[in-house]
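Take a look at the structure below.
Letters A, B and C mark the chains in the order given here, with residues in each chain numbered from 1 onward.
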């Protein structure tokens, strides 16, 4: 293969950046799907809206990127709370209805975005300028920054889950749905909290993607699918599973197109998932 | 025959009559091609519901449509195969791939299965976009041949490339498919599927190989999805693998919405949903950007207020009237396993 | 050598040992009880015999065949039937249809006959229907044949569970709490039915029950579990006197006699 080391390392760092963005989606989805069983299929649209909010804050209001990003996360968390309260709580019993409602929501939000924002691509200001020396070759610095940001957010989530009362209740909920109630926290509060955190993470992911790549009203679909794939691959409700699976998928997306071409990149993840499911149907870290 | 059965037969006869007369009444090529698409949507929505019989559903139906469409088109274009053979081969291809994927996929349930179907579907579409040599890549396929001339008794030489002729051909194929699916649903096989949906643990305990039955169900449903895709390809005579096209995720979302809005518990549900919503989409064509919003809003409204779908409305009105007039109301019976 | 042999059966759930090195033999045509305080691992053992759970270690040998790793539907083919604790019924189906599902194994027709109803298919359907009605008669549910399973009162639902299990014409039935939640009359009815199964059809039964009076009256042999291990085994008479058993139950709300 006559691909230079430079290109390969770029593929790796691209893959890592992509992977960590997917991980942010997957962590949110694990909280929402895996723990609270809310069928929030419109999660990709939260990702997309988060990116657009940040775009407008930086472009029209000239806010610095970091501030805008944080506001974006808060804004999407609030949106998540609203959706949980108004829509998903009504449909708790019937998950097919919840999925259809989420699909309806996706259609509304996507087409709404097209109408309001238009179809042409925009971009959020870069995270960092210039090149970075990585493993002896040169790669764009912003990819590295994206990875760092994502890692920090993931660590923050980890700390939250391990040390706070609410966090521990969430972990207990994953293994045993009654666990949270035993800790004195009602399921509705838990659902609201999971949604808020999950949407904040999605918003962060969207912001990173919008900066590294570009924004479009349809940008949410692919990360949603990737996020869901990560959950299946890593194991439902497993956070370390989400991390590892996210890395694997990210690296596949980063490297396979370079090494084997886009056709293989298209079905690569599918083949990996099939392989894992055949050997271990619960996913890499799943329970029986 | 019971009163109910007679009513049903009249109902289907009326629908059949309307379907046959429609292009002649509407009398334009534009409408005929719209009707063709509606008929294909009916097949797709009904086959999607088949998967629901085992208690799962698929958001990847579009991927199998895609397989069927490409397989059929490529066979016609590159191998010069006759239309009927390509059509069947396309559907078979979709069914066989579903058979292969079914075994790993059916080991997971509920929302996780749905996720896998989406993954598979997007993978197929991406593959079609990127496998330049075979599928024409990003631009898709153009110039897919229409079916040719055929000698039909009583009618003489018929050119099925014409819009009206193709409509009737599609109608016949779809009608026959619906008949098959309906029969399967009512058979021992369908009964076993419903048992699996109720409780697969108990089904396994009485000796039912749950995995095998689920996979068979999935293959059959995807076979018909492939058939629908192939019919669509030969109708439009082009296929595009791009995200916004008929083979993108939007379509799969719409199909599920057709099924649930129409009514997932009955065979007629997706038929109703597909027809009504396709017409809604047709009439909102001038406001194209708002189309998805309208469909989305309808979906949410139905799900919140009419969970059993549009087909349950006449029954609800009937119950409301009979309780209002204080006759012995027929309690909303869930009925036995075999429902109309 | 027994009809059902369990050797060193063990199950770990993560860090928890649910069942540890269980050895058990059940003779053909016997009614055997499996008792113990809550959480002793009884249901886990039954699940491993029935095939809904795979053991971590050990073997299950049924009628000379090793079934340890077989999925539950294959065990049904070999003659093992279940009555589940949580009363798994096909709720949306009628009582008759529920039993008809149970006759799945006896239905020889395949996919093609599903599409076209030939005369032999019709004949077979008729035969199965008759057999289903016979089974319902045996458990005394004939008059409820066309009632929806979900509408039945609890006691009758248990009888329906039994009927479904009987439809598979099993050699061994695993009953998980068959009489829990029933009144005295229903309990007596169920017990005499289980005895009839053994006497008339030679069916072997393994029963988990908390209603110890019923167990003592019905079972020929009883195995007692506590914390996943066997602490005693013997006739009802022996078990009731056994100090280890009595101690295991003290401090729980079980009613020993």
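We take it that a residue touches a chain if its C-beta (ideal position, glycine included) is under 8 Å from a C-beta of that chain, and two chains touch if they have at least 3 such contacts.
Predicted model only: the values in this text are computed from it and were never measured.
The greatest number of inter-chain C-beta pairs in contact is found between A-B. Greatest centre-to-centre distance from chain B is found for C, with centres as Cα means. Computed from the mean C-alpha positions, the centre of chain A lies at a distance of 32 Å from the centre of chain B.
One finds 46 Å separating the Cα centroids of chain A and chain C. In terms of their C-alpha centroids, the spacing between chain B and chain C amounts to 42 Å. By the touch rule above, chain B contacts chain A in their complex via residues 57, 101, 103-105, 107-108, 110-112, 114-116, 118-120, 122-124, 126-127, 129-132, 243, 249-250, 253, 256-257, 260-261, 264, 289-293, 295-300, 303-304, 307. Every residue of chain C that touches chain B in the complex is listed here, in rising order: 50-52, 71-73, 76-77, 81-82, 84, 88-94, 97, 100-102, 104-105, 107, 109, 111, 113-115, 125, 148, 164-165, 167-168. Residues of chain B that touch chain C in their complex: 180, 183-184, 187-192, 194-195, 198-199, 201-210, 216, 334, 336-337. By the touch rule above, chain A contacts chain B in their complex via residues 33, 39, 87, 90-91, 94-97, 99-101, 103-108, 110-112, 114-115, 218, 221-222, 225, 228-229, 231-232, 236, 261-263, 265-267, 269-270, 273-274, 277-278, 281.
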